[in-house]
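Shared chain: chain A. Partners: chain B in the first complex, chain C in the second.
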Partner chain A sequence: MAAKKYKFISQPRHPTENRRFVAGRGNFVADIDRPDMLHVAPLSSHYPAAIINNIDISEAMMMDGVIDVITGAEIGAAIQPLMNGLDTPKVQRFPLAVNRVRYAGEWVCAVVAETRAIAEDALEKIIIDATPQPFVLDAEEALLPSSPPVHPKHGSNILLDRKFVWGTVGEDFVNAEHNLSFSVIWGRNSTVPIETFGVVAEWNGWDNILDVWASVQMPKYSDQIARCLNLPGNAVRVHYDVDVGGSYGVKRGIKHATLIGYIARKLGRPIRFIEDRLENMRAGDAHGPERKFNVEVAFDSDGSVRSMKMRALDNAGAYAGRAPFQLGKPISAIVGPYQINSVSYHAISVTSNKTVQEAVRGFGQAPTNYAIETAMDRVASFLKMDRLALRQRNLIRSDQFPYLIPSGSTYDSGDYHAVIEKVLTAAEYPTLLANRNHLRDEGMMAGIGIAACLEPSGGNSSFEPLLNESNKTSTWMESCQINIDGLGHLTARIHTTSSGQGHETLVSTVLGEVLEIDPSSIRITRPNSLESLPGNSPVGSRMAIMLGGAAARSAEKLKAKLIKIAAHSLGIDAEKLTYAGGNVLAPDGRKHTWQDAVELAHRQFHNLPEGMDPGLAAFDIMQVPTGNALPVDGKVHMYPCYSFEFHLVLLAFDPVIGRPEIHSYTVGHDCGTVINPAIVSGMTYGGIAHGIGAALLEEFAYDPNGQLMTQSFLDYLMPSSHEVPPIQIVKHCTPSPHTVFGQKGSGESGYLGSPAAISSAINDAVSALDIRFEKLPIRMSAISDAIANKSA
Partner chain B sequence: MNLNLTGTESIQTNPSRLWESVIDPAVLQRSIPGCISMDELAPGEYTITLELKVAAVGGNFEGSVKLSEMNPPNSCLINVSGNGTLGIGKGTARVTITANEDDTARITYEADGEVSGLVAGVGQRVLMGVAKHLVRQFFTALKKEFEAN
Partner chain C sequence: MIRVSIEVNDKTVTAEVEPRLTLLDFIRDVAGLKGTHAGCEHGVCGACTVLVEGNAIRSCLVLAVQADEQEVISIEGVGGDLGRSGELSIVQDAFCEAHGLQCGYCTPGMVLAAEALLADTPNPTEGDVREAISGNICRCTGYVQIVEAVMLAADRLANRNYKSKPGQNSDQTRG
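Take a look at the complex of A and B:
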């Protein structure tokens, strides 16, 4: 299928949002200033596990400027527990620890004061009397019946323990010529947005309404707040016009919003809480998956991988959060881009006395891709086969789409071999190999990394009913509403917050394309939750598909109305008319202009077709394409679209120092039709930088006493311009058959494959020494120590 | 994380007077860096309030100090434990006082501590340096007590 030519889509256009951000005129949560606003600082637990005997707030309450101190006991009695997606009713979570703390850093109480500084000072006057309890940090230990349960009423640390067998795994293992097994660990890391989470809430008792401004990326945010605070859904108004200074999944903000909403309602004054970096790093929504994989693969001498057994053990931290579901999304691409005939998958999620894990870019897909790609490298190594040739042999071919994988999802489209060929050409692969060998001749450890992987996109939540049978959700929608005013100008409403994905650019580009008008003439508004149509928020790489889809469908509805009005006015059948540049043209050369239609629709009801409503407005609430069934027998089709990426990296390091330097980085990316090239490239660059952090630097590390050792930027290292090299992006377009323009998702691009590619490169570099790195991040100390141990 | 500190200092006084000083709450309060108060509960037992700053964090610390295995004027064991906004700490120090040949007193300490909480997480890289610095400040102040006399 050839890529279609578009007027605005895929064209190099400046993102709409750039103007205000470049000029420093964004509207962030810290810009929200309400009259008589109070400020909050939370008190954190020093213990990883303890029973709270008493909290003495008397001295803090006597300080000038301190208004209130909220304890866990108070809020636990006043509100409902935070939503828990699993069927684990005894794993309850409140914004503040109730009676028991479960991780070091957990919020025990919150001071409300006239300024944040006073609130922080008052924290020092609060005396907590607590009795330390046994704790568990390691996931394998947490699995043992002898481990101290983080939630004693739940009885164990197991949140989720599900075994799936898709296809003839036993038979395939028996029939395959070889098999091998290994384990790898994905370390706990995050996305670390520049802006920490913040929220402002204000209760208006006369109108019975709670206004919320937040730096958030959370599905069903207003519903969740209302449910927790025992309010009607229409008593919570979340303002969607707050800009978000980075999220990449983590800005969940539900415990913060329920806490601040509760205080705002209790005190009748606006309340602001913006996390400082320490609060964000150890008790915000910062932590991502921490996962151990045990993998077995069965394969033949020719390199064909027949079957895979994967056990994924995830350390969720102290509460359920969204962590267990991050074991679910990867089921939709459990074989990666490969033709693997059968898979067994054992997904286990355990609680531990670590910070709660939340959603991070890719929702668990990047760790799984790392495990799958490690398997490919191991098989190649076992067979002494070229790693690239092994992958090419196993990749799904372009003539095999739509391709049903064993776990029930059907990949929509792709041409993986073509993307790889393009990358090999662009990166000058033979030269790259020569460069690696030349670096080795010079005494450097040099390696080439390869990773091929998928980005499931379109944001369907089918992993929820798959992992929790009492959940019957199949609806996963997005909406858009458009209106042409009396002067003929178009305004579109989007019904969610945006955290840098460029939704205004997306919607104006799509509307401009369909209606053939200049996108820059279109106004985009982001109203509040009460003025919005339903949606599921920008998660799961879904908005190009879903918001773009809803916008296009709204525009098509409006276009049909414009044509109907013209047909009536011109006295010609609508089928004979053509729409061009906003005008409607008759075969005889007559033209019914955009402004003619505006005049009729807004002011001349008597000239409208019979039965037509006045005005020019349309809306669309769109269900995710292909998302129409609940799971059956442990199988379900999840995402409508699958983007493909192929990473090729050359890196080298001095054997004594062990600090990897990336010499060349090329990525091939096929996310179907690109709506805005600058936004997609930005996401890919950012995703790769994030992946370099996950592969080499970033980790929330704990000491044996349960203390988080990397909670400031002094210790939590991130890649800077020194570590992130120039990146060559090679584009390819295989349109998706399921979306209006053939677009697929790209919000998680880059990150899904770069950790695997960098691990592959480092392992290639040390392969001659018979060293294998089996845990991310691979810190320079680990590299130099491993080499030193081999030399000794 | 664990903190281990050992060292020796010579002070311009004799062992008896040094002993009297290090068990005198008033002297200790003047000498311990950041010490806001030190109150005697019983002989050899005190409550102490400190205000400290480590790396990016500062705050108070309230704890108890208990002297045991008293062998005047030669040795004792000091137990410290407490908590505050900075974290939780506990530790023991074995203190030995002997006479130098030049009529000064020599004090030797072997301390073994464990800290956790915010200060351990944030200050880990600098904590040892800060601890040494605080000990140095303590002895500088203690020496001044005798110079003043």
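Take a look at the complex of A and C:
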């Protein structure tokens, strides 16, 4: 299937959102001022585990400007617990700790005051009487029956313990010529947006409605708030015109919104809570996966990898939420881009006395890709085979698509070998090898990193029913609504917030393409949740596919109406007419213009076809393509589209200092038809930067007493413009057969493979010393220490 | 409470403030200009960058009382936002064109860091640009398109009729 030529899609168009942001005219949640607004500051627990005996708020309550202090006991009695993804009813979570604290930093109570400064002052006056309890931090320890359960009523720390066997694993291991095993650890990091989470809520008791403005990226947010606060769904109005200052998955903010919504309703005044950085880092409940992999692979001497056994143990932190599902998404690409005949997968999620985990870019796929790519490097090393050749031997070939993997998903399309060839050419691979050897000759430790991986996209959530049998959800829709006004101008409504993905540009480009009008003339609005059609927000790299799809389908419906009106007006069968540039043309040369249709639809009902409604509006609620079945026998098809990326990195470091410097970074990227090239490239660059952070710098590290040690930007290090090198993106387009333009997802690109590639490069650099780094991040101290120990 | 008088974007803002009030909060809550953003509030991320007397500084690390009687340019003072809504500076326009942003949260600080660089270094190298924005963390872009944007702006500034520092009279740097 050759790439089609489009007028606006895939063309260089400046993202329309950019103008307001460069002028500082975004509409971020902290910019929202409501009259008579109060402010909130939460008090955090110092203990990783304790029973709360008493909270003395009397002195705080006497301070000028303090309005109220909300405790866990109060809110626990007043609202419903937050939603759990798994069937774990005894693992209850409330916005504030109820009776027991379960991690250091957890919010125990919240002061409401006239200013945030007064609220913070009042925190110092609150006295907590608590009895420390035993705690557990390590996931393997948490698994042991002897470990202190984080939720005693649940009985153990195990949230999820599922074993899957897909295909003839036992037989394949017996028949394979070799096997090897290893463990790797993905350290606890997160996306850490520069804007912290924030929410403003206002209760209108005359209309019985709760208005919510939040920096959020969360499916079904208003439903969840309403359920927790015992309100009807139509009594919560979430405003989607709030710009979100970065999210990349984590801005879920459900405990924040229920807390602030509860206070707003109780006090009858608008309430604002904007996390400060400390609150965000230790108690924003936005840490990412922390995962240990035990992997066994069976393979032959020619390099064919036949089977894999993977045990993935994830440390979910103190509460369940949706995080354990991050062990589920990788099932949809459990063999990566490779032809591996069979797989067994043991997914375990445990609670611990650490901060709660939330969805992070890729929803668990990046750690799994790191494990799979490490396996490829280990097999190559075992066989003394070239790492690249080993991958090329095992990659799925372009003539094998659609390709059914053992766990039940079918990959839509791809040409992995072609992408890799393009990257090798663009990066001048022989020169890269020569440069590595030259750096080594100069006394540097230099290595080349390779990683090939997939980005499952389209945001279906079949991992929910797969991991929780009481969940029967197969629906995962997105919608768009369009209207041509009486002057002939088009406005589209989208029903979600955006956090930098350029949805306005996406929708106007797609509508312009289908209706053949200038995308710049199209207005995009974001109404609130009550004025919206159903959707699931930008998760799972889904918006190009789903919002783009719903926009295209709306436009097709509207176009059909324009043609019907013209057919009636011109007295010709609709099939004989052609649509071009917004006008409808008859074979005899007559033209029924866009404005003619507007005139008839808006003002001349008597001239419309019989039975046609007036106006020019259309909407579409689109189900995720291929998402039509629940799991059977531990197998399910998950995502409609699979994007491919191939990373090739050269890095080097001084053996004494150990600070990796990236000399060359090339990535091949195939996400099908690209809607906006600048936006897709930008997300890929950003994903790689985030992956460099995950591989080298970023970690939420705890001390043995359960205290988070990296709770500011002085300790939690993120890549600056010095750490992220120039990056060369090599584009390839294999359209998806399942989407309107052949587009696939790209929102998580870059991040899914860069940590594996960096790890591969560092391990290549130290291979001569027989050192192996088996945990991310690989901090410079770890590198220099390991080398020093070898030399000693 | 202490009386301070700060010239923000050519307009004098006078108020009685607590000594602990940061310049960041003064700009946002007293002057009412919401384009300057809080990121870390401990001087690392650079989201709150503004120009004080022409220098890019972190407004979360400066108290309002320290900025008394000084000239501050926030993002609203760049381009034509004051009175000529919709008109961008060359740097802002280059950020739009190169897509040197995504979510827009670090963007005002980035733009001001770039404005400060280009006011002093009209023909920067890529290394100069990376150094100038190295105190501004962006989690969206990986900096690639930001560097492109600043290089594009530098090129355009070098090839226009005259140049001026934001907030200054153009006659000082005419040429």
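Note that in this section the second predicted complex is superposed on the first by the 791 of 792 C-alpha atoms of A that agree within 3 Å, B and C clash if a C-alpha of one lies under 4 Å from a C-alpha of the other, contacts with A are read in each partner's own complex, and residues count from 1 in each chain.
Convention: a contact is a pair of C-beta atoms (placed from the backbone, for glycine too) under 8 Å apart; a residue touches a chain by one contact, two chains touch by 3 or more.
This is a predicted model, so every value here is computed, not measured.
> Just to be sure I read the superposition right, which of the two partners does A:P726 touch: chain B = first, chain C = second, or both, or neither?
Only chain C; A:P726 stays clear of chain B.
> Who does A:S474 touch here: chain B (first), chain C (second), both, or neither?
A:S474 sits against neither chain B nor chain C.
> Look at A:S746 in the shared chain and tell me whether it touches chain B only, chain C only, both, or neither; answer first, second, both or neither.
Touch status of A:S746: no partner.
> Between chain B and chain C, pick out the one touching the greater number of residues of chain A.
C
> By the touch definition at the top of the document, which applies to A:S760: first (chain B), second (chain C), both, or neither?
A:S760: touches no partner chain.
> Could you look at A:A23 and tell me whether it touches chain B, chain C, both or neither (first, second, both, neither)?
second
> Contact-wise, after the overlay, does A:N157 reach chain B, chain C, both or neither (first, second, both, neither)?
neither
> After lining up the shared chain so the two structures overlap, which partner does A:S461 touch, if you call chain B first and chain C second: first, second, both or neither?
neither
> Looking at the overlay, what does A:T351 touch: chain B (first), chain C (second), both, or neither?
neither
> Who does A:D715 touch here: chain B (first), chain C (second), both, or neither?
First partner only.
> Determine where on chain A the residues touched by chain B overlap those touched by chain C, and list them.
After superposing on chain A, chain A residues 712, 714 contact both chain B and chain C.
> State the interface residues of chain B toward chain A in the complex, per the touch definition above.
Residues of chain B touching chain A: 1, 55-57, 59-60, 62, 83-85, 87-88, 114, 116-118, 120-122, 124-125.
> In the complex, go through chain C and note every residue touching chain A.
Per the stated touch rule, the residues are 18, 20, 28, 33-42, 44-45, 47, 74-76, 78-79, 81, 86, 88, 92-93, 95-99, 101-108, 111, 126, 129-131, 133-147.
> What residues of chain A sit close enough to touch chain C in their complex?
14-15, 17-26, 28, 30-31, 117, 191-195, 243-248, 274, 276-277, 499-502, 678-679, 681-683, 685-690, 712-714, 718-722, 724, 726-727, 750
> What residues of chain A sit close enough to touch chain B in their complex?
44, 46-47, 104-105, 123-124, 127, 278, 282, 703, 705-709, 711-712, 714-715
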